[in-house]
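There are structures below to look over.
In the two complexes that follow, chain A is the common piece, with chain B as its partner first and chain C second.
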Partner chain A sequence: MRETSFNTGKFFALIIVAVLGIFMISPFFDTGSGKKISPRLENLKDRVSLHYGLKNVNDASKNIEECQGDYYTCREGVKCNNVIYKETADAETGPANLVTSIVLDYRAFDTLGEITVLFISILGVALLMTGFPALPVKNESMIQSAGAKFLVPIIMLVGIYIFLHGHLTPGGGFPGGAVIATGFLLMFMTSGDYNFRSRRFKTVETAAGTIIVALAIAGLIFKDSFFANFLPNGRLGDLFSSFLIVIIYSLIGIKVGSELSVGLRNLYTGEKDD
Partner chain B sequence: MIDNRLIYVMSLLLFLVGLYGVLTRKNILKMLVAVSIMETAANIFLIGLGYISNSSAPILSESLKQVNLLGSNISDPLPHSLVLTAIVIGVGTTALGIAIAVRLYSHYRTLNINKMGDKDEL
Partner chain C sequence: MLLLIMFIFLFILIFLSALFAVLAKDLLFCVISLGVMSLATSIVFFILNAPDVAITEASVGAALTTAIYVFGVRRTEREEK
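Let's turn to the complex of A and B:
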């Protein structure tokens, strides 16, 4: 292998970055006569996403199928009954957080793929760390162990709060699971007293994943589509509303938390060869 | 009032910073940091596509009782959900990259990519 001079490498990197930057940024300042980025997009009314906010996606898609034309001309016939916080009951989807209503209702299949990708990457971590020599856990200071005992329950509680309120506030299963995994990391780093077995985490994770897929297939049986919402939605904005989404988000939180805990454990001490 | 083009240009500049880091750094962990910067830039670009002037987050609450039928009080929720997916996948790829870096370090006893491959296997 030839050692290139450090400055030469930086020079060529700068040239590549500059050329790519000119190509990427120039379309925004183009003064040609072609079609430009539409100024209509400055309003949600001119985007398809308005129907996620008004929760009338089914009506809108039916209407557009019937009149078979341009979206902007066909949308006039869509009936709009606006949803109001703490008043509307039994809307098309339950959550007050519109992002959650997309992630777990309209595009729930996408989320299933996302969980699968995370599972496969953590599986890859476990495979790479198999047979890696386990590092001895260092003796920690008293402050570290006492602080962990004090902090870990609070961290777990915050994680559970985040994924239980995923349909009302920012957050949800993935951030909640990451917070829970942080609590477990603190426990791994402090002491050897805790008797951790990766197998238990894997059991919890597998059970959660299986129940998610079972709920999705239940939607296929009770209603007409995969991941269909077959439980009552309740009043918009209540804690006890949109039951299916709360259940699935809690399961995702448990799954992601145990999965990331196993991944961090593997990176810290290595995976034991069974 | 922010011009959307400002957000696009800033995110593209951040992407180029990450690309420069990937091209010039020799340490594997620093390369992973640069890849994370590129991911963040792509996420900011997508969020910027969903931004609407003078709008708030797409979450109904006591202060935001309903979505305006003229569609001017919330930002577009669709890019937010796509970015949620992208962030989770970014976590997965970073974890895999760190695992590979750990194995490489245990094999070659160095994180510098120029000094790897001195052993007889490669």
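Let's turn to the complex of A and C:
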């Protein structure tokens, strides 16, 4: 490598970062006369997300016209099929968290694709990391390992809460699984003698993935479409509501957590079959 | 007004940490500054009423990605040539 004072790669990286920075700062100096995204979307009635917001996609157009533009409040005499928290029962989609109802009810096939992408990437890590030597923990201190043993159960509990409560509050299977994987990461990074059997994790992960696809095919059998919600939804906002969403989110959380734990451990110690 | 000041502070933090990640010679410092950038981005997402994305960004971007980069730095060389 020859030494140069002017590095071309760094110069282009600086230009890219500067352009991105100007792009980020620019909204503060917006005069309001900018271009609209699309003239079709200026009218709020035409947006599909509004129909999702009302949670009654099947007959949303009729209800919006009856409501006379007043989408969120029900007035006297006007029959609006609005969704009310803790009152509506058996809505079209169960979760009170709107993001969950889109991610796992209307766009559940997309989520299946995300799980497949994660599975393939972890498979690639496991294939590539064979035969690497383990990297032992240097200068392992007692405070570090004891603090990790104190923190890890709390981290696991937060992860389980995030995916079990994903139909009511923000969160879901992917963040919950990532938090659980962070707990395992902290455990095997701080204490050198900690080791888990990755074969059991792989078994759990495979079982969870198989049950997710089986539930999707069950939706195809009992209702009309893949990933159809065939269990009762319950009252909106209750803890025990939208049962299929809770089951699939828990399975996704377990699958993602075990998958990421095994993948991180492979990156840390190399693939070992034990 | 307070929100605007906080936004500008977070944007400057994101910008400076990204710049530091490009310029620093020690790759471990680069990884840590990328983690700081992810954390500031997740706060921005939270202020913009997207708590789902904020949780995912904080757990994946600030924790797991940083750990993966640190493992990569440990297996290769720490100083940039």
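Quick note on the criterion: the second predicted complex is superposed on the first by the 199 of 274 C-alpha atoms of A that agree within 3 Å, B and C clash if a C-alpha of one lies under 4 Å from a C-alpha of the other, contacts with A are read in each partner's own complex, and residues count from 1 in each chain.
Heads up, the rule we're going with is that contacts are C-beta pairs under 8 Å (C-beta built on N, C-alpha and C of every residue); 3 or more make two chains touch, one makes a residue touch a chain.
Treat the numbers as computed from the prediction; the structure is a model and nothing was measured.
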Which holds for A:Arg199: it touches chain B only (first), chain C only (second), both, or neither? neither
Please work out whether A:Lys223 is in contact with chain B alone, chain C alone, both, or neither, and reply first, second, both or neither. neither
Once chain A of both complexes is superposed, is A:Lys149 in touch with chain B (first), chain C (second), both, or neither? neither
So in the superposed three-chain picture, is A:Val117 touching just chain B, just chain C, both, or none of them (first/second/both/neither)? first
More chain A residues touched by chain B or by chain C? B
On the A-aligned overlay, A:Lys10 touches which partner chain: chain B = first, chain C = second, or both, or neither? both
According to the stated criteria, A:Ile25 is in contact with first (chain B), second (chain C), both, or neither; which is it? both
Using the superposition on chain A described above, determine whether A:Ala96 touches chain B (first), chain C (second), both, or neither. first
Just to be sure I follow: which residues of chain A are touched by chain B in one complex and then by chain C in the other one? 1, 10, 13-14, 17, 21, 24-25, 28, 97, 99, 132, 170, 172, 174, 178, 260, 267
What does chain A use to touch chain B in their complex? 1, 3, 9-10, 12-14, 16-17, 20-21, 24-25, 28, 42-50, 52-54, 80, 82-86, 96-99, 101-103, 107, 110-111, 114, 117-118, 120-122, 124-125, 128-129, 132-133, 168-170, 172, 174, 178, 236-237, 260, 263, 266-267
Residues on chain A engaged by chain C in the complex (per definition of touch): 1, 10, 13-14, 17, 21, 24-25, 28, 97, 99, 132, 135, 162, 170-172, 174-175, 178-179, 181-182, 185, 189, 260, 264, 267-268
Touching residues of chain C toward chain A in the complex: what are they? 4, 8, 11, 14-15, 18-19, 22-23, 51-52, 54-56, 59-60, 63-64, 67-68, 71-72, 74-75, 81
Interfacial residue positions of chain B with respect to chain A in the complex: 4-5, 8-9, 12-13, 15-16, 19-20, 23-24, 50, 52-53, 55, 57-62, 64-67, 69-72, 74-78, 80-81, 84-85, 87-89, 91-93, 95-96, 98-100, 102-103, 106, 114, 117
